[in-house]
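Note sheet for the following structure.
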Amino acid sequence: MIVRPQQHWFIRLFVWHGSVLQKIYSRLLLNIALSISVIFFLPWYETLGIKLTIAPFSILGVAIAIFLGFRNSACYARFNEARTLWGQLAITQRAFLREAKSLLGENKSQIRALVKLQVAFCHALRLTLRKRPVEETLKNYLTADELQWVTKSHAPCNRILLLMGDWLADKRKQGGISDVVWSSLNHHLNDLSAVAGGCERIAGTPVPFAYTLILHRTVYLFCIMLPFALVTDLHYMTPFLSVFVSYTFISLDTLAEELEEPFGTEDNDLPLDAICNAIERDLQDMDESEQLPEKLRPNRYYRLS
Amino acid sequence: MIVRPQQHWFIRLFVWHGSVLQKIYSRLLLNIALSISVIFFLPWYETLGIKLTIAPFSILGVAIAIFLGFRNSACYARFNEARTLWGQLAITQRAFLREAKSLLGENKSQIRALVKLQVAFCHALRLTLRKRPVEETLKNYLTADELQWVTKSHAPCNRILLLMGDWLADKRKQGGISDVVWSSLNHHLNDLSAVAGGCERIAGTPVPFAYTLILHRTVYLFCIMLPFALVTDLHYMTPFLSVFVSYTFISLDTLAEELEEPFGTEDNDLPLDAICNAIERDLQDMDESEQLPEKLRPNRYYRLS
Amino acid sequence: MIVRPQQHWFIRLFVWHGSVLQKIYSRLLLNIALSISVIFFLPWYETLGIKLTIAPFSILGVAIAIFLGFRNSACYARFNEARTLWGQLAITQRAFLREAKSLLGENKSQIRALVKLQVAFCHALRLTLRKRPVEETLKNYLTADELQWVTKSHAPCNRILLLMGDWLADKRKQGGISDVVWSSLNHHLNDLSAVAGGCERIAGTPVPFAYTLILHRTVYLFCIMLPFALVTDLHYMTPFLSVFVSYTFISLDTLAEELEEPFGTEDNDLPLDAICNAIERDLQDMDESEQLPEKLRPNRYYRLS
Amino acid sequence: MIVRPQQHWFIRLFVWHGSVLQKIYSRLLLNIALSISVIFFLPWYETLGIKLTIAPFSILGVAIAIFLGFRNSACYARFNEARTLWGQLAITQRAFLREAKSLLGENKSQIRALVKLQVAFCHALRLTLRKRPVEETLKNYLTADELQWVTKSHAPCNRILLLMGDWLADKRKQGGISDVVWSSLNHHLNDLSAVAGGCERIAGTPVPFAYTLILHRTVYLFCIMLPFALVTDLHYMTPFLSVFVSYTFISLDTLAEELEEPFGTEDNDLPLDAICNAIERDLQDMDESEQLPEKLRPNRYYRLS
Amino acid sequence: MIVRPQQHWFIRLFVWHGSVLQKIYSRLLLNIALSISVIFFLPWYETLGIKLTIAPFSILGVAIAIFLGFRNSACYARFNEARTLWGQLAITQRAFLREAKSLLGENKSQIRALVKLQVAFCHALRLTLRKRPVEETLKNYLTADELQWVTKSHAPCNRILLLMGDWLADKRKQGGISDVVWSSLNHHLNDLSAVAGGCERIAGTPVPFAYTLILHRTVYLFCIMLPFALVTDLHYMTPFLSVFVSYTFISLDTLAEELEEPFGTEDNDLPLDAICNAIERDLQDMDESEQLPEKLRPNRYYRLS
């Protein structure tokens, strides 16, 4: 994620980081090159009877803008839902710990064991969503036995939830908590399960690929054909207008594609590292741990991973 | 479902699989043929006083784009809700099993019986939604008595839920669980019931047919009349622009129709086989089964059924 | 509701049933008549200095399309919410019966009594929403005393819910179920109450009438004035374009009005009869009744009431 | 609220009540006057080199229509949420009474006392939202002590909820109900609390005022400048088109403003009197009261307050 | 927040406070200056072959309006969600206090202690969201020990929730309340936790920065290039139309940016001070406190902080 810096409106016109310019500048240069060559070849191909007017592009432009707006909404909704799920993760973990502490707070070692499982769950979810190995990180939070049992499964998060369920069942069997209290605490485990399942759904089922394909195609064809339509009216100004229109359409198409998979590590993806770090800090602070892990901050390009 | 491949933006302009091109190419060829004949007959029918300008098409184009955008939203919302329901199914099944294990985990055979019922429910829902026979698949998970009782009903999912309810009522009667715990477990059965009911609703009530009809009609009439309006300005370029505009409108109309019934087996429908497979693998993994069923993967056309 | 038939795209251009054509064809004929007379009177009224260009209609057309799109969304949302509420009704009734059976299943006559009340509730809701008398139907499900008590109220659904509440309170008083179990079963009654209340809300409060009025007016004025603007450019083609634009706008305006009140019996309203029939069949099947009521099917015009 | 009358489509073009015409007709007359004077002064100010073409108005018109569409959605969503909250109020009150009756039904006087508190809550909410004195109405439902205690607070609804909480706590202390049942009944009080809080939020926080201001301004400036742009093309027809476009934009701007505050007493606001009346009738009917209050009906201008 | 004053529609055209004019007037003046210079330099740069027509701006204008509409929706949704969360805070606090009073109402000092914690939570949330120090305010509500323990954490809200959890656990341990009642009260603490977590999410994750950047850029480039396109047609009228179009686009861009971070202290941000004040007044009124804090009112510029 790019953290929004405070900027004067004029400066912002020229910002490079955080826009998608670094991804699409080569395509825009191609567009400019095409526009310039169109100016030179205009006299020649007009003799062939080829001419394009801007009127049909007006219809197409509006239609593409409407459909692109729809796709942007769908992709942003995925991004937003993903963020809400991770927000829910933080809420649930804190509420779970608060309840556990106020009910079983005397036994500090058990609470500490719980906190370790909670943090492990967050990291495991983050790493599986990003398709990275979990072992290196989880060994800081799990015992060797637990770690082995968790990592031999294809779904480490599920196994950690089972461990948390066992932790809770233990408390119930030892008689420390009644069924009503068990049910209240267990409810949080179900919420964790729902968060993990929701994230898997977003990661596993993209916006129907045909949308991506149809819009990609129409946007690019539109931008390629536009200079031919603009040149009769605008002549030398063709490249300026052409690249401006292309930037508007191509950048939004590209951004939608980034947002569609919010768990990646691109500029506009969710800062899962920072969210995990914040949850870990909150939980350890609630547990009155001596030393909290340091807070993750954006790098000098305003980027938070 | 078509799994989104990583592709260079330029390659993507020419991709065949996953777009709806294979469905509509014949209509686009018709459109091209019509455009070409319009060019030839132009001198003749202009003598009859027939002329079409592009201005009214501009109004129509925007209006159709707006209404098509609305219908796409409605159809995509159905697709998305269907996916969310199946995500909920996975979440509920796993949470149910986790709770059951941590409460009744000693009795491994009972847990295994539960897992079989859970998997049977998923397959039964998938097969009834796709209007396929359930018996062949369910016999791997149900006893002969259960199978007979389930398949003689018009609603197998309901019957499997009744079996799960009986399984749970047994545990309660044997005194293993209190009413509070029963209520917590039973809650998951209600969630399963809600998933099945939600899927039935989506399968049974399409977007009002008049939307489909009105938009289908206006889109196709628009594409048929468009060459007549374009030809006076564009002449030889008419077929290119005409087919481009037609592709934009017709492909989105066709895609919306595919998404409207997300439980089918077309390119952009939900991969119910793969989701069922994933749930089965997760449940068996949680039950520490020896041998998990193999993971379903997309075929070489990036297609996941 | 019109059940979506499988049709070739070309056939679908000429379908009569299910589109709103049968409702608006007279208005479209009027529009054609007006367009033709405009062609004839053009020379005369041009001498009066009256002329209309298409440019202001372009602004108006887009604005009306946007506002019509908004109204369509609002009306479709009502239709969709109504359908979801009836889906919820089916889900709740089945979940209620499943729970009741697994807890009190030995006593078959009591379960049968419950099923009768459940079905009566669905029919009562359907009939009151459609403003039809309930007595004829309810006498198949209620005892004479119950029927009299229910029908003398202005709100029969409420009374049937009270009967279901009494049924449940009886079970609790007889000691068959604990307070926890009572609470779980009672929860379903609250859900039924919410469904009935939600349907009443939709039936009782339309989309603000001014939206209907303003859009109706602007759409019709637009269609009336359009031929005057088209005629100078299109001449003999005016009626074709004019009726095409009018069809697009008027049919969507009319469809929105149908969807706004989803409990009626028009072509695009909800098939409440069929939904009630399906719920009754499901409940009786779960109760292992000998003879299920026959399934309601669409008539030969693909219509399901 | 204006109740939607059944009208022929042609009649509806000329309806006065329920549209916002009575609010804006003076502004439309001003617009006509301006258009006429523009026709007369055209030759004079053209000599000054002042000319306006319609092209920039086309851009502006679309942009304003889009933003107006957005504001209409936001305002309608408030209206709709407010209506849903009042629907929830009816649902909760009926469910609460049903539960209380089936659990404590023997004691009729206590149930009657509860009904009075319930109705008092609805009226208090209605009157505080409309900023009217509550005392006159509440004295029909509360004892003198209660009335005094309730009205001396700035938040009468809260106090009535406290009275209902006391009523419930009494039943619990007297041993009539267990904690589980208390919790179930108390849940409804929380729902009432949520309804009141939701309504306060809608009443207290409008759509950001800048939206109202920016759109109001652009809409009116657009309508004022439009005749100058239309006159060169349309000449004598300018007033017709100008007032038509103005009606479309101004009426929707004005309607959005009405819907934004749904608890007022304008034509398109919620009929809180009628809703309260309906709830009171339902509750008394469930309590088998002898004489129900008469049903509120729309007045002869189809208006329901 | 600006409180909406009652104003005549004509007056409203000239209102300064509450619109975003004070923020953007310098940019609009720049636009006017540019337009005027364009008029003077027109003859000169036309000799260079530079010309711009309005047609491509028409495509761009619509596209930008659509994307700006999308961004406005996204930002307004954040504003609205933030307001709903604070509304939920008020609802939960009042419901919590009502329940606590009706269950533990005899012990007035304990209730008073709870009220202090509740109010402290609201203020702590408000101040951390606005990144202000909490100590000064919280010392009015917390004991010295509590204050020290709360303020030494990086997350004061969490710690206050822990104190509330301890308060509740105390009551449970003293035997005053059963587990069922504890669970009911504890549920409200979870709701408070969810409100705090939701607000943190909104404050911590803006709309993807690339949206802000892309739209900012296209809007400003559009406004800068517009005078060049308008001048050939409009000549002396260029500045009027150019600044009008620019106002429409720039003001909505700027407003969206304000709404995106709803917890700030700008004109269109949420009035957190007033909401906290209202919650405090409500809670103290429910506790029948002698002296309520005075109600916060808008200042003379209709501004509520």
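A, B, C, D and E are the chain letters, set down in written order, and residue numbers restart from 1 in every chain.
By definition in this document, a residue touches a chain if its C-beta (ideal position, glycine included) is under 8 Å from a C-beta of that chain, and two chains touch if they have at least 3 such contacts.
The shown structure was predicted, so the numbers you read here are calculated from the model rather than taken from an experiment.
Participant: Which neighbours does chain C have in common with chain D?
Facilitator: Joint contacts: the list comes back empty.
Participant: I'd like the Å distance between the centres of chain A and chain C, where a centre is the mean of that chain's Cα atoms.
Facilitator: 38
Participant: Could you give the separation in Å between the centres of chain B and chain C, each centre being the mean of its C-alpha atoms?
Facilitator: Using C-alpha averages as centres, the distance is 24 Å.
Participant: Can you list the residues of chain A that touch 2 or more other chains?
Facilitator: Each of 58, 62, 64, 66, 69, 73, 180, 183 in chain A touches at least two other chains.
Participant: Can I get the ring sequence of chains, opening with chain A and turning toward chain B?
Facilitator: Following the ring from chain A in the direction of chain B gives A, B, C, D, E.
Participant: Mind listing the chain C positions that touch chain B in their complex?
Facilitator: Going through chain C, the ones touching chain B are 1-4, 9, 12-13, 15, 18-20, 54, 57-58, 61-62, 64-66, 68-69, 72-73, 76, 79, 83-84, 87-88, 90-91, 94-95, 98-99, 101-103, 105, 178, 180-181, 183-184, 230, 233-237, 240-241, 244-245, 247-249, 251-252, 255, 258-259, 267-268, 270-271, 281-282, 285-286, 292, 302.
Participant: Please output the residues of chain B touching chain C within their complex, sorted ascending.
Facilitator: These residues of chain B touch chain C: 27, 48-53, 55-56, 58-60, 62-64, 66-67, 69-70, 73-74, 153-155, 158-159, 161-162, 165-166, 168-169, 179-180, 182-183, 186, 189-190, 193-194, 196-198, 200-201, 205-214, 216-218, 220-221, 225.
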